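Here come two complexes built around subunit A, the first alongside subunit B, the second alongside subunit C.
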Partner chain A sequence: MSEIEAARTLKINILRFDPNDPNDFPHMQTFEIEESAGMTLYIVLNEIREHHDNALMFDFVCRAGICGSCSMLINGRPGLACRTLTSKMDTNITLAPLPLFELIKDLSIHTGNWMRGLNERLETWIHDKEHELNVDKLEEPMEPALADEIYELDRCIECGCCVAGCGTIQMRPDFVGAVGLNKIARYHLDPRDKRSDEEYYELIGDENGVFGCMTLLGCEDVCPKDLPLQSKIAYLRRMMLKVAL
Partner chain B sequence: MKIIYTDVLIIGGGLAGLRVATGVKRRGHDAVVLSLVPPKRSHSAAAQGGMQASLANCKMGEGDNEDVHFSDTIKGSDWGADQLVARMFVHCAPKAIRELAAWGVPWSRVHRGDHSAIMNAQKVTISERDEAHGLITARDFGGTKKWRTCYTSDGTGHSMLYAMDNKAHEEEVEIHERQEAMSLIVDDGRCYGVVSRNLMSGELVAYVAKATTIATGGYGRIYSISTNAIICQGTGQALALESGIATLGNMEAIQFHPTAIVPVGILTTEGCRGDGGLLLDKDGYRFMPDYEPEKKELASRDVVSRRMTEHMRKGKGVKSRYGDHLWLDITILGREHIEKNLREVKEICENFLGIDPAVNWIPVRPTQHYSMGGIRTKYTGESQTLRGLYSCGEAACWDMHGFNRLGGNSVSETVVAGMLVAEYISDFCDSNESSMHIHSSKIESSIKEEKAKLEALLTKQNGEDAYVLRRRMEAIMMEKVGIFRNEKDLQEAVDELEELYKRSKNIEVFRSKSRAANPALVNAYRTQKMLKVALTVAYGALLRQESRGAHSREDFPERDDENWLKRTITSWPDANQTLPSVSYEEIPVESMELPPGFRGYGKDLTKHHHATHARETTVAVIREQLEKEGASRFEIQSALMPFLDKLPPKYRGTNERLGENV
Partner chain C sequence: MGIKKIDKTPARLDFLQSFTGLVLAIFIMGHILFEASILISNEMMYRVTIMFEGYYFFGETYPGIISFLASAIFIIFILHAGLALRKFPASYKQYKTIKEHTKRMKHEDSSLWMIQVITGFIMFFIGSVHLYIMIAQPSNIGPFASSSRVVDELMGPLYFLLLLSVISHAFIGLYRLALKWGFMEGENTEISRKRFKALMKLMIAAYIIIGLASLAKYTYIGLTHDFSDGVKYKSETINVGEDK
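Right after this comes the complex of A and B.
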């Protein structure tokens, strides 16, 4: 936005609800904010809280697009609010909490307990019962390209956008989602994790796992980290099929 | 009244807190972690560039070892660090990184053969050894003699935090999310846990434990522009302060990172310069070699930040509506390198600046980044004055950074300190000393006190607006307690902050009166706490009449070892006082392995301590004698400053390296 142009007035429509207040009910509320240069939804929401309504609840932590706290529906599409520039949007902006997660209040949702449950269910850690680590010794070598490939999948920030963008999970609430399948792909790739293909099959070899995915691929469309979710789900499906046969 | 009992309570779910929790759990103690946010969203995740550990695997790291890492850390600290602690740290950093490798961090690895790199704006070819293939590699960072900073692309903190949180899952550490510790429960000089507020329901719960650990990170958000996550508000330091017994160390030691983007203050990693990026002024001129001919862009962070500020003061900054800035040029690294090793930087540039860093220069300026100060502890992580209270990571001052932290030493500190402090806490819990003697009525009254404070905020009339006080505090810290400091500004800062602090006792939560999830209420009580913390920083800075590391006084440009080779200790013994109490702790020259010297930046303005020369002589004599006798570097080190006996026995082993101890 150039300096001489008149600042736009943004209309921010927010879906609000406080489950702790027995008299409250879900409703839309509109705030008018004057746009400034480089403005993001992080700046917008803080300005609303500071100058218009100090009760407005939302979650930001890093405000730099790396922690995954501020995922919400932005004009109906899951995304990270902190790195959404208003200059790229129309003046009419609608914000709502991500669906499927427990609502805390307004735009704040409880992704933490959902992800924790998922991690516990899929046991997303290195399984290596045999190996007693001696921290004085040289580390185990790993092929550099493999380390890079694992990091690629390790970049998931558990923001929940893929879950909110998933068609399958609307019908199967226990579906692990792209976030879960990506984690399995990550650990399956990692030679430090000694789980067998059969053990992975036990975790995701059913309709709540890799066979539940309807390949609508909303997950990949909305992933803020551009993870290769589509190809990883396809790969896991082929691998699991082999185990099943 | 709800009371939850556990063995070890940990406040904060970042790398340090999770490592402590995992460690005590493995020793058979129960652990509960209280976290404001899901642990994987902690600020540890924001560490981009890497973790220092002297593995010496890559070509440019060859010859590295604990001694070199130690010397870099002490020089970096401007001799403010506790050398015993720094020794313990450098010895354990290789162990911590190898442990994390086994727990799943996909560290970037050495590839045998030739690869090209940019050094001092020139393309060079580096040839890696066959035997190093597949071991953990490292990049260059500021203030280090060797390439020692291990990394996973530029998402190092993220990968470490995820591996650590997953490990904590496996160990069945209990995590209580969206819990905010409000006050310590203290009885008879001993800490017994905290009163915590559930940020969703508003419920107050007492967590009672044998040992309580504060691992809440730094206090960067007392400044208006900081690279820190917005939850880094110093509430952990305030908790300790408000106990009236625990003390804080060196709160005035604040680091400004040279390259945060303008205006939002998001960090671009030191890896940008480590990998060969340059700093340019408004004319596109590379100015750092003029100021620091040897280390150039890779001088220590405090030095680069000051040089940048000096250069902008000469009118060489680029004008913008957000004030002056300089340029960070990483275009010379090439697109392929940026997309592989600096991809978070690339995403940040695209999303927040709308530029492509492979083509465009990045607007940067020095921005508040790290808190060297924190809760003053012994080397065991226990408070020097409040039994049962521990602290580690950025929250603590144990004190390995002194007055300036080296890049790559922070995430490294979190996991090393977590690893060690977990053992010391476990020893404490195993001993009779940890047995608890607290009456339930004491716990009950602690909860009641907190409840009364919250009610007062919600029911007060004609009170102060917390936002107004907080914004003013942030501006004062930025303008008057920044990179360059002087008596006039600091005095004004202290006076006005004290005034704001008095007004903060009269804060009213306007409109939003909910006792449950209520951001206005949270802002109200945190503002009160932040003002106390800001006062310890500003007051400590005013009193310290010298320049050391990141604390740079225009009116006292010398580092004055004779009068100021000591730590600032602040406390708040009486709830009614409006300024912190200040005392000092000597840093004894007589026991230093590396006696105070010149860091090698700019002109040597050191006023030496009277004992320095004698210690230098002693060190030289011992070293010469032992070298003549053919002693190993370990034997020489041990003769100068023994430290192994302080470590938990399981971490005393000698580290393997290619060509050493294998």
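Right after this comes the complex of A and C.
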């Protein structure tokens, strides 16, 4: 075998902790894994669980960057394990759970209840008082360009990377974060949602909302779905200012 | 069903912070260039000075105009500082959180914000000193008077620190403003952001070089000029003041 083809040995350092075990404390554990072709961190974690430590906990469902479960801090930056190729990284890799979310164990976190709280707070569903109960009525047709624009923002998988990548929300946990602002931008675009600009202002027109954003742009730069978060937040900021002028 | 009255203050505060920042940044861009007139000649710097003192409008110099302008800038400066204070870490815990976050992320824009906080904090103090002196001694501006202030009154080190702080703060601030409000946002925001950032770095470098060169010239004049007959500059062509 030539030198170029020789497999690298990856050193995977994982922050481990079980908050439900009173005798446990947060500590780093290192595993050595032989790299294989096309390997992602998701495959690495499976290897570790199969051959080294079957107690290691991490979340996964789809393996394809669609479910948003395997988000974690990869060398300090939020990202999806299943979308991260080891071939593009140094052999020394450090993994930790995303901050801010409730820790279940090791790399497994409860993004679900956090996101549910956010969705309830921002009421991220279509508001239409007049047609609330009429499920038989045909929907109004929509321009394909607008439908595409809404769909673009609907691609959010609630992985929590933008939350973990945001310095503002780390300092001030009541801040709504890019995931919430993106949802508001999405419903504001949607002609089926009849909420007025004033009603949107009620939701995000304060320092826990769009005016709390300090434009650190961590969200924009770590979003695994490449959502246009910076420009949507700017759009909401302009719109909310217009309401207040 | 009537809609509850919304509180418009958060939006206005956010806008005002951006707006005062924009005014101050534009002011600084002019300030550093006007002050760099010393690099052309003493006479040029003198003419710029008396222009701001109203000579070309009234045929007479009124240093009070400088006091007035400096006071206006001071008020905007205080307003901007007060508004920006809302964004500062408010406790040791918050400070530690953002510091560790920035260190962990190795993310340029997050780190740039830390520079904004640090330079902003520095300028609360040294910016105020500079502005107060300009309000209190408006007539002591000129190729010799300013040089004497830099050297004999030991303002050099303060100006050096102020220059580095204000230039980085102003241009990082302008870059952030553009992204915050979506100013001149192209179809591809990634490209427009990259261009803004490159422009920001270029402007910081250019203004720091110009500023340092002017400061060096004032220091040189301060060290070599004979101040035995005062700090007033005597122009060869323009005759202002008592002996007219």
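We adopt the following convention: the second predicted complex is superposed on the first by the 233 of 245 C-alpha atoms of A that agree within 3 Å, B and C clash if a C-alpha of one lies under 4 Å from a C-alpha of the other, contacts with A are read in each partner's own complex, and residues count from 1 in each chain.
Note that in this section a residue touches a chain if its C-beta (ideal position, glycine included) is under 8 Å from a C-beta of that chain, and two chains touch if they have at least 3 such contacts.
Please read these numbers as outputs of a predicted model, since none were measured by experiment.
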item: Touching partner for A:D206 - first (subunit B), second (subunit C), both, neither; value: second
item: If touched residues of subunit A are counted for subunit B and for subunit C, the larger one; value: B
item: First, second, both or neither for A:A147, with subunit B first and subunit C second; value: first
item: Which of subunit B and subunit C A:H27 touches, first, second, both or neither; value: neither
item: Which of subunit B and subunit C A:M115 touches, first, second, both or neither; value: first
item: Touching partner for A:S231 - first (subunit B), second (subunit C), both, neither; value: second
item: Subunit A residues contacted in one complex by subunit B, in the other by subunit C; value: none
item: Complex contact set, residues of subunit B against subunit A; value: 37-38, 40-43, 45-46, 55, 94-99, 101-104, 106-111, 133-137, 152-153, 155, 158-159, 162, 166-167, 169-170, 175, 177-178, 200-202, 229-231, 263-264, 266-267, 321, 340, 344, 347-348, 351-354, 467, 509-512, 514, 516-520, 523, 651, 653-658, 662
item: Contact footprint of subunit B on subunit A as seen in their complex; value: 3, 18, 20-21, 37-38, 40, 49-50, 53-57, 59-69, 83, 85, 104-105, 108, 110-113, 115-116, 119-120, 123-126, 128, 131, 133-144, 147-148, 150-151, 154-155, 157-158, 190, 192-193
item: Interface residues, subunit C side, partner subunit A - complex; value: 3-4, 6-8, 10-15, 86-87, 89, 94, 97-98, 101-107, 109-110, 113, 176, 179-182, 185, 189, 193
item: Subunit A to subunit C touching residues, read off their complex; value: 73, 76-77, 165, 167, 170-172, 196, 198-199, 201-202, 205-207, 209, 211, 213-218, 221, 228, 230-231, 234-235, 237-238, 240-241, 243-245
